[in-house]
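Shared between the two complexes below is chain A, which pairs with chain B and chain C, respectively.
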Partner chain A sequence: MKAAVVTFPGSNCDADARHACALAGIDVAAAWHKDGALPADTDLVILPGGFSYGDYLRTGAIARFSPIMADVVRFANNGGLVLGICNGFQILCESGLLPGALVRNSGLSFVCKDVYLRTESTSTPFTSTLEKGALLRIPIAHGEGRFVADANTIDELEAQGRVAFRYCNADGSVNVDANPNGSANNIAGIVNAGGNVLGMMPHPERYAEALLGCADGMNVFASLVQHYAAAAPTTLVSSQ
Partner chain B sequence: MNSYTAKITITLRSSILDVQGKTVEHALHSLHMPQLTNVRIGKYVEMHVQAPDSATALDVATTACRKLIANPVMEDFVIEIAAAEGQLA
Partner chain C sequence: MEMMSELDVTEQTAKDLGLTADEYARIVGVLGRTPTYTELGVYSVMWSEHCSYKNSILQLKTLPRTGSRMLVAAGEENAGVIDIGQGYGVAFKIESHNHPSAVEPFQGAATGVGGILRDIFTMGARPVAALNSLRFGDPDTPRTVYLIKGVVSGIGHYGNCFGVPTVAGEVYFDRCYTDNPLVNAMAVGVVRADGIASATAKGVGNPIFIMGSATGRDGIHGASLLASREFDDQTESMRPTVQVGDPFAEKLLLEATLELIDAGVVVGIQDMGAAGISCSTSEMSAKGGVGMRIDLDKVPLREADMSAYEIMLSESQERMLVVVERGKEEHAARIAAKWDVPFVAIGEVTNDGMIYVTRHGKAVAHIPAQSLVLGGDAPVYVREQRKPEYLDLTNVAVDPGPILHQQEATAALRALLASPTIASKRWIYEQYDSQVGTNSVLRSGGDAAVIRIKEVPGKAVAVTTDCNSRYVYLNPYRGGMIAVAEAARNCVCVGALPVAITNCLNFGNPYDPEVYWQFAEAIRGMGDACRTLDTPVTGGNVSFHNESQHHAVYPTPTIGMLGLIDDVSTVVGNAFTQADQNIVLLGWQREELGGSEYMKVIRHRVLGDAPSLSIDDEVRLQRCVLDAIRSGVVRAAHDCAEGGLLVCLAEMCFGRGIGADVVVDTPHRAGYLFGEAQSRIVVEVSDERIGDLRAAAQEAGVPMEVLGRTGGTTLHVHDLIEVDVEDLRSTYERALPNIMTSEVES
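And then the complex of A and B:
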């Protein structure tokens, strides 16, 4: 499996994302925002966290017009796997690959802490190794992470099982106390209608190995590896 | 071609809680100004537009807002077109 991690001016989690891919056994290439196309044979695109273009105008608003984004949109529309983390999620919303928007946290503060996520959908390529309801401890670090969308869009996301992760308490309960930013329905991550594009505010790449204190984030990368292995054409020879 | 100034005001859509506005409103109330309500905090963007007439200038500025300056998912915008000061027509 080959991943391309896009670096925008102001990205600061690109190296971490490449490291997490390597830990998961994913071949990883660095892509530059000015590149006209993704590397050949890319299977997974990661838009990493950071502050692309200084968050000028709105988070992700300028990055979505980077030269490489046209190819990322084409790749996603052809069913390619795209993972947007934090600022990457904001870019995906701005580019229209995911619905809704991410606005200022309800508490107005930048929030940097560990949160618990409840796995809501296990049918996505990003959550396939997880059990429904599985809890993950993952860090968040953002000032604009409050997911908003009109009521119809929220209803559609819920009805179609497109909420991948929800902020919860350590016991898995979902309520306002567990919501770090005021997101609608405690939404922490969603997928597109095709299920091939995931945006999430928490940072799985920051908790991808025990050395860093927690490896819960590795589940996202391991799921992608498993999904890819299951989807790849088999070369096994029949023993008949 | 004439030169116009587009004065653009962007605010969060009314359906989205404006937490900055709410916080400022509470501060104003604590300053004994309870008559001030519905505080909304937004952004102001100004730009010059070269166009044959003000209607065309408005069209161009509207397109700019829809494509980049505002995000219609979460923001509303109002554009005022004025003759640019200090600009020769």
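And then the complex of A and C:
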């Protein structure tokens, strides 16, 4: 499996995403925002965390116009796997690959801390090794991570099982105490209608090895590896 | 040569820029003529304490500055570099941004972080950790709450966006810092030993580039005027001297800089911080024994009509001065363009040792580079010292207190845990990204942070900052010593061998003999401790004039310590790991209350002598504990510091909510329970390994006392205290948020 990790000016979790991929046994190619196309034979695109374009104007708002994004959108629309983490999630929303928007945290401050996530959907390529309801401890680090969307969109996401992860307490309960940023319905991560694009505010790449305190984040990468292994090669989407 | 001056220069002009009459005469002597206004401006910033160390260098030179691990020694480059083996080094340095933060807390703190990060990556090192050491007034005034909010969000804003994890720090609160907070920022970077860049200009004819942001009018005289005066009613008017930071620009500058250095096109490179173009051109030239011809018309400007004086003195952020090897300009320009970083040639290296500057085609400065810098013609002063009178009043014997009973002891423990200096700093550190880079093994809340070095598998470094300034105030020599000893102890408590320090020396007005005595004594103490602990000084920074209305802050020599860990799997934290383990105190338990948090919080006095310290005992304790951690005997370790033994035990309970059941087999005096005797570490050890620990302690000559066992949900001190750990933790965790949010509501 080969991942392309896109570096935008201001991306600062791109190296971390590459490191986590390597730990999971995923080959990695670096992709530059000024490139017109993704690397050949890309199986997975990762839009990493950071402050693309300094968060100027609005988080992710400028990055979506980077030359490479046209190919990322094409790749996603053809069913290619795209994982957007933190700023990557923001870029996915700005580029229209995912619905909704990520606005200022309800507490108005940047928050970096561990949160618990409850796995809501196990039918996606990003959660295929997880049990429904499985709890993951994964850190967040953002100032603008409050997921919002109009009521119809939220209803649709819920009805179609497109909420991948929800912020919860250590016991798995979901309530306002477990919500670190005021996100609608405690939503921490969603997939698109095709299930091939995941955006999530927490950073699974940060907890991909026990040395750093927890390896729960590795589940996301391991799911992708399993999904890739299970899929017949002919059905894979090529970037060409 | 005909020189153009924008203003007529007299001795009074020099005085207005912060120079003395003698210094002005010295400048006239060096040049053999009256300086131009631009030249005078350049001298005023270069001969400021910040750039020249004129009042401090004689003392700094007494510190130990050599060691077998030093790849780059103190003063040679922008930061010291320590060899960590396998072809890699760690660069680290701490610097103050006190005065800007007092005037404009958000930008002052943010640019303090930006400045220290540039010091690290200008050497070719990629920053892997940031730390900060903060001092505020007691948080009961709106001004202090405003300063805390501004400084914390400024540090977070810059570090988070830049992409460096802010992994540790310390915050103390005391009334003496109300008007003059201290903001010391430290950065740590990893560099290939054969890829260290130098801030030296060489090669006549090599082109000189300015890389990074355009030059504006911000920060003019930040170093020479703002940082060289005390705070008074006029301070607010100094706000325009504070720089404005752009961490996004710095992130791009970082990547472009590292790629340029890696490509082998760079002859020399220096960041522009204090004194901007003046400092970078003169220091790089003086170090290389060359000169520079600089055309200011080529410098990208934010405002077209800036004068030579303003351009030379601007402290606009996110800029580098780069000497490129002739013939490699295009390669260099391609790299800068890749990262969208402006890169413009502004001059070339010359052979005459002169900084020759033109503006609008006319010469505005022609100065021997050597005359501007430390080690050249910059003045060096021997300052008068006098033991402060206040010491006669404070240095009295302090009674270790009456025997405490349950109610007083429990109340005192709660009060200490709620004291902002001791209380949890979570409200602060959760605003900092502490994990970007995926190397943070231990973070804020521990004794020291631990950063894994990906480039050298298995290897990690420990980093910490430390200074209890109350001790330094009460006894500058011993306080300086304790600051070093405690920083080293913090490294040892996570399993790291302390190897070197950087320091940030925050003091009052050096022209006050009593302040200067504090300065000299603190350095003497630091030096003695560093020699015994074998932790040389790799560099740092001096910040004088930390005063307001003629009251100096406590003398605060902040120590940034680096420790080495050969096997990252041996690292331990400071929380009890499981129930039914032994809780053991290693070290010299004493009954002392002098300078303690207990004295301040419970008795409202800053009194007595600093805690006693035998640096030789300290070394024995540290070696013993480090060996025990490395060999897996000890599972958790915590330095017994502010708040003393009971606070230490409570903090060890908090991590995993594991209680403790201990017997304190002495009269329960305050001095015993809450005193801050040095050279004590509490550890967790299993029944299987306690024999090993006893044997090791005996051999090392370190006293060892089994206090009790871990387990349960309470902190239970027999015949004295029994409180739920959760209850105590709530006190500890809520203190700071309560202070910070009550202000919002008022």
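As a working rule, the second predicted complex is superposed on the first by the 232 of 240 C-alpha atoms of A that agree within 3 Å, B and C clash if a C-alpha of one lies under 4 Å from a C-alpha of the other, contacts with A are read in each partner's own complex, and residues count from 1 in each chain.
As a working rule, a residue touches a chain if its C-beta (ideal position, glycine included) is under 8 Å from a C-beta of that chain, and two chains touch if they have at least 3 such contacts.
All values reported here derive from a predicted model rather than from experimental measurement.
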After superposition on the shared chain, which partner residues are touched by A:V174: those of chain B (first), chain C (second), both, or neither?
neither
Have a look at where A:C214 lands relative to chain B and chain C in the superposition and call it first, second, both or neither.
neither
Please work out whether A:V73 is in contact with chain B alone, chain C alone, both, or neither, and reply first, second, both or neither.
neither
Of the two partners chain B and chain C, indicate the one touching more residues belonging to chain A.
C
Could you say whether A:A30 touches chain B, chain C, both of them, or neither, answering first, second, both or neither?
neither
Which superposed partner A:G182 touches (first chain B, second chain C, both, neither)
first
Show me the residue ranges of chain A that touch chain C in the complex, using the header's touch definition.
9-10, 12-13, 15-16, 19-20, 49-51, 53-56, 109-113, 139, 141, 143, 203, 205-206, 208-209, 211-213
Contact residues on chain C for chain A in the complex?
153, 156-157, 160-163, 246-249, 251-252, 339-340, 429-441, 452, 454, 568-569
State the interface residues of chain A toward chain B in the complex, per the touch definition above.
57-58, 61, 65, 93-94, 99-101, 103-108, 148-150, 182
Provide the residue numbers of chain B that touch chain A in the complex, in ascending order.
12, 15-17, 19-20, 23, 68-69, 71, 73-74
